[in-house]
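Following: one structure in structure tokens, then a few remarks.
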Amino acid sequence: MKWLLVLLIAACGSSREGVVLWHAYNGPERAALEHVAAEWNDLHPETPLTLVQVPYDAFADKITSAVPNGNGPDLFVYSHDRIGDWAAAGVIEPIEFWVDDSIAGRYQKDALAAMAYRDDLWGLPMALKCLALFYRTDRISAPPKTTDELFAMAARARGSYPLAYANSDLYDHAPWLHGFGGVVLDEHGELRIASAEAADAMAFSKRLIDRGVVPAETTGPLVETLFNEGKADMALEGPWFVGDIAKGVPWAVSTLPIVSETGRPAAPFFSAEGVLMSARARDKDAAFAVMLFIAGDRSANERARDAGQIVPNAGVHDDATQAVFRKQLEHTVLIPAAPAMRMVWTPYMTALAKVQSGGESPSDALLEVEREVRRYSEPPR
Amino acid sequence: MSTASNQMRDWGLAALFASIVAIAVFVGHRNHELRARQLELASAGAEAIAEGREPPTGVEAAGLVGAARPSPHYAFLRKRTVITEGKVRELGGAHAPATDKLLYDAAQRFDRNGAFVELLGDNSGRAVAARAAKNGIAVSVVAPSNPAGMPWLILLGALGLGAVIAAAGALVGGAARPLGLALGGALLAIPAYGWGGAGATISIVAGALAITFAQMRGTIDRCAAGLRRHKTALAFLAPATIAMLVLVATPFCVGLVLGFFDHHQGQWTFVGLHNFGEILSGGGRAFDDPLNFWFILGVTVLWTAANVILHVTLGVALALVLKQSWLRGKGVYRMLLILPWAIPNYITALIWKGMFQGEYGAINALLHSAGLDGVSWFSSWSTAFTANVVTNTWLGFPFMMVVALGALESIPRDFYEAAEVDGATGWQRFWHITLPHLRPALAPAVVLGSIWTFNMFNVIFLVSGGKPGGSTDILVTDAYRWAFERGERYGMAAAYGTIIFLVLLLWTVFGARIGRKEEAA
Amino acid sequence: MKRPRLATLVITYAALTVITAVVLYPVLLVIKKAFEPGRQFAINASPVPSTLTLDHFGDLFGARGGHGELMFLHHAWNSLVAAAATTVVGVILSCTAAYALSRFRFPGRRAGLTAFLVVQMFPATLLIMPLYVLLDRLGLLNSMAGLVMVYATTAIPFCVWTLKGYFDTLPRELEEAARMDGAGAWQTFWRVMFPLARPGIAVTALFSFMTAWNEFIMASTFLTDDSRYTLPVLIQSSVGQYSADWGFFAAGAIVTSIPVMVLFYVLQRFLVGGLTAGSVKG
């Protein structure tokens, strides 16, 4: 199929200024992507591909303002959870037109489904991200299998915390939320924030602090510092953390423990980073050809090998760390792409912070979150 | 003769206004006409396909699109066929024309929302129509077409004729002069009627009449004389004013207008004063709820006052100290004290946030080493607010210091020498010489500084992030949250911006009144 | 001036030392991060780095773009051009406007002065979108010219007000003298008034430069071609979605601060040399 499209491009002649792709990668991921782009340019000099790095903070806003004005890229790399917003606003183009079963069969079902929204396919997945349990092998010989074991670790005082994670960030709190059976949006896309299970999960996160398992008020950067300096033995982190671990720190990864109260595994959010096509792409056929290459098997192999990405392409060989993440992916919950989800993060963070500092009861806090999010997602009268 | 040239000047004004209106309505008319033409063609094409005929010329692609055949494995994949010129083929695939995607998209849309005729949203000028047909969906795509060119002949002709009429009126003199002006200026109303209807004609005629009236009353002559009188001043003022009008006033006006709309999932709806009502009523929450506008306003006012007082005090004090002739190493101190301003505030704000961290931050480490308990800075309002103020003061005092240094420089030494000879103490010298001289130069910095502090987004967002529970948010951070964390409600954010603007305006006007009373006293 | 009492001396130096220490401490932490290996900040509160490395500076100066070009020099140049242009444009526009507002009486003078102030009151962060569309319509998107104009108009209100204040303190006799010698309005302005307002211009120039030099948000929104990026955008690219390379950021922050310090060093003699004292006697 790929070759047929290539021929198609060649046959169509050229009024090409090429294809422009925006991304927010840095470090090894950026180098790997640039290498893939260089390969494409070698193979297809008539359709030059230009990569533009855009800082992550400004990325989504730039897309939202540039594309409708015709100044945006043809393709861009972003995680799937904005697809709902962008699809509703007409910023991205549905691509199932070019995709048949054989192309679709190259990707893991869940990963491809992440790029779908309301019966259309909006992009091809490139990399999967979720949290797993990183631990220092000089402190811990066997990572805890259940949360009771985790609490037991705290009892043995040793001058460092057993675990560190960003307590008030919903993304980091999600493993406990799902482990207790709570959700943010249920399978029909309805808000189910204020539930007994979610309240249990919040109370659990407070217990973790009170019993000295985790430090309070921790932010993402602090987690990494604590792990590297030995003030925390374990950290909840994702595949990006591998490059952040300081030299000389012996480490390993394992899947998250099982929540003893419910017997379910702690299940983090998983997000799929993929290539999306702008609705104003100048040459959509050419753009799709590039998209297919960037998300294709050859590129996936390189990105997995050189940048440590967990790729959704079937048949790619995983190293030990990637294998653990692959296993963890079996127990994850996809971040909902519905627009309502994006309004949940900040109020939930506020609620977590309040509960963890002892200011409010979990059920009250969750009711407030749900009330607020409902308010924001209602259209004006 | 001066009356003739004045007449031409006045005619020029009327003609300018008329030309702008005429061109605007022409462009609107032309776009409308093009759109109607394209939609008509697309519709005709779809109809032809539905009835099995050949589509008319100008249709880029058309056919009978079959029903979607979903893939057995994936809910979101499907294939469609199209019948063009009697032949069936798959939509898409190798060697497919680029228009296949458009046919597919149209069929998808038909399945979801029913028949439609529309211009494509991608600004390509293409029109697409889809309607039900016996064996499928009749779709036609019309290629973009060029709009009609500008009617230069008509425009120049009308303008030329108008100029002649106006000149003739001036030459004849008397009552013919204003008559000639009105007639000559309104000539473009005739073609404008064909483009914009009665509205355009009436506005052009009204414009011409207004100019004529102004001429008869001598208003234009007075304005021209005024401009001539002040031409040097205006020439000096012009570059900055033009730049500000274009690049600042325009977005500002857009921001004001946007406040009357609501943006929800890509749609803009006019909601009048609803946004303002929602904000000013506090969203139906109690006054001590951190998300209530009045609470946030209170926090913002407190924040601004605390910061400005600290910045000015620290900046002026340091500037005074650094002016003492007996101080050694002034240059070194000056360079060091300006560092907070020089380093990008993103990283320094985050460093301060790290310093205030409850368990590992440097400030608590310092407190511990002094034997005191650490403070959980972001768990209570007062400590989080203090953290924000400390950070912002650190960031902001160098600016005030530099301004004060410059201001102190302009005070002549003789005043101080004379005061010393008279036996004035240091404090008297400060109060009677330094302060009065400092005030005018420091005033702009203080006024603008307070406006900037009122709208200081970075520090609040990066240091406390609104903790605890959003209570240290100031107005501008809450507006930001409306724009980016609550579903892209840009209308609400714009309304917020307008309210912030009004608050600051009121404060400035009020403060200026008080300032003037003090000066008079 | 006679030397002050010992107590004043001691207190002043002590206070200065304490304040300078407080001011310097976070800066030292940034410098420490720039020289310490690792991507995260260390917990240790001491401002002295435990190990030294030049890796971060190496990453900063050696960063290569997609086509193999050295990004740092490229973006530094862009920043320099933008900031220098902003300074020149800002100073010229503000000086002329301030001169008019100070020296001439014309209808709308008060209103004009207030207007410069009033337009700053609408929070700029909320105006990025309309400004984006406006620049696009004017064809100034993704261009240095557009960015410079936006920065200049951000800096103008403060500069106009400050310079007006300075011009107000200069006596009119000098201009009258120049006028009697036959100088036109522009000559008077350029030859007589402009040089006398040096402290004001120094503050204005420094402020305009800083407005442009460290600005990140507008640069990253209005520039869509990464060959036009300025230095802050390059530094910000090290902050990713999940983690950031703070060593790179710290090195970048240090390097970015140096030109500002240099500029201040050059301009500060206008703030402290006795250039105007005594020259304005009647």
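Labels for the chains are A, B and C, by order of writing; each one numbers its residues from 1.
By definition in this document, a residue touches a chain if its C-beta (ideal position, glycine included) is under 8 Å from a C-beta of that chain, and two chains touch if they have at least 3 such contacts.
Source: prediction; values computed, not measured.
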Selected pair, greater C-beta contact count between A-C and A-B: A-B
Per Cα centroids, the chain farthest from chain B: A
For chain B paired with chain C, centre-to-centre distance based on mean C-alpha positions, whole Å: 23
Where chain A and chain B are represented by their mean Cα positions, the distance between them in whole Å: 34
Distance between chain centroids, defined by C-alpha means - chain A, chain C (Å): 38
Chain B residues counted as touching two or more neighbouring chains: 354, 360
For chain A, residues that touch 2 or more chains besides their own: 61, 221, 225-226, 231
Chain C: positions in contact with at least two other chains: 41, 43, 129, 133, 236, 246
Touching residues on chain B, where the partner in the complex is chain A: 71-79, 91-96, 98, 100-101, 104-105, 108, 121-123, 262, 264-266, 269, 271, 274, 283, 291, 354, 357-360, 376, 378-379, 466-470, 481, 484-489
List of chain C residues in touch with chain B within their complex: 1, 3-4, 9, 12, 15-16, 19-20, 22-27, 29-30, 41, 43, 45, 92-94, 96-97, 99-101, 103-104, 106-107, 112, 114-127, 129-131, 133-134, 138, 149-150, 152-153, 156-158, 160-162, 164-166, 168-169, 185, 189, 199-200, 202-203, 206-207, 210, 214, 216, 232, 235-236, 246, 249-250, 253-254, 256-257, 260-261, 264-265, 268, 270-272, 274, 276-278, 280-281
Contact set on chain A toward chain C in their complex: 24-27, 34, 37, 50-58, 61-62, 65-66, 69, 71-72, 79, 129, 220-221, 224-226, 228-229, 231, 238, 240-241, 243-244, 246-247
In the complex with chain C, residue positions of chain B that touch it: 226, 229-230, 232-234, 236-237, 239-241, 243-244, 246-252, 254-255, 258, 314, 318, 321, 323-327, 330-331, 333-348, 351-352, 354-355, 360, 362, 365-366, 394, 399, 402-403, 405-407, 409-414, 420, 440-441, 443-445, 447-448, 451-452, 455, 457, 476, 479-480, 483, 490, 493-494, 496-498, 500-501, 504-505, 508, 512
Complex contact set, residues of chain A against chain B: 4-5, 7-8, 11-12, 61, 64, 70, 85, 88-90, 94, 96-101, 104-105, 112-113, 116, 119-121, 215-217, 219, 221-222, 225-226, 231, 279-280, 283-285, 339-340, 342-343, 345-346, 350, 353-354, 357, 359, 372, 375-377, 379-381
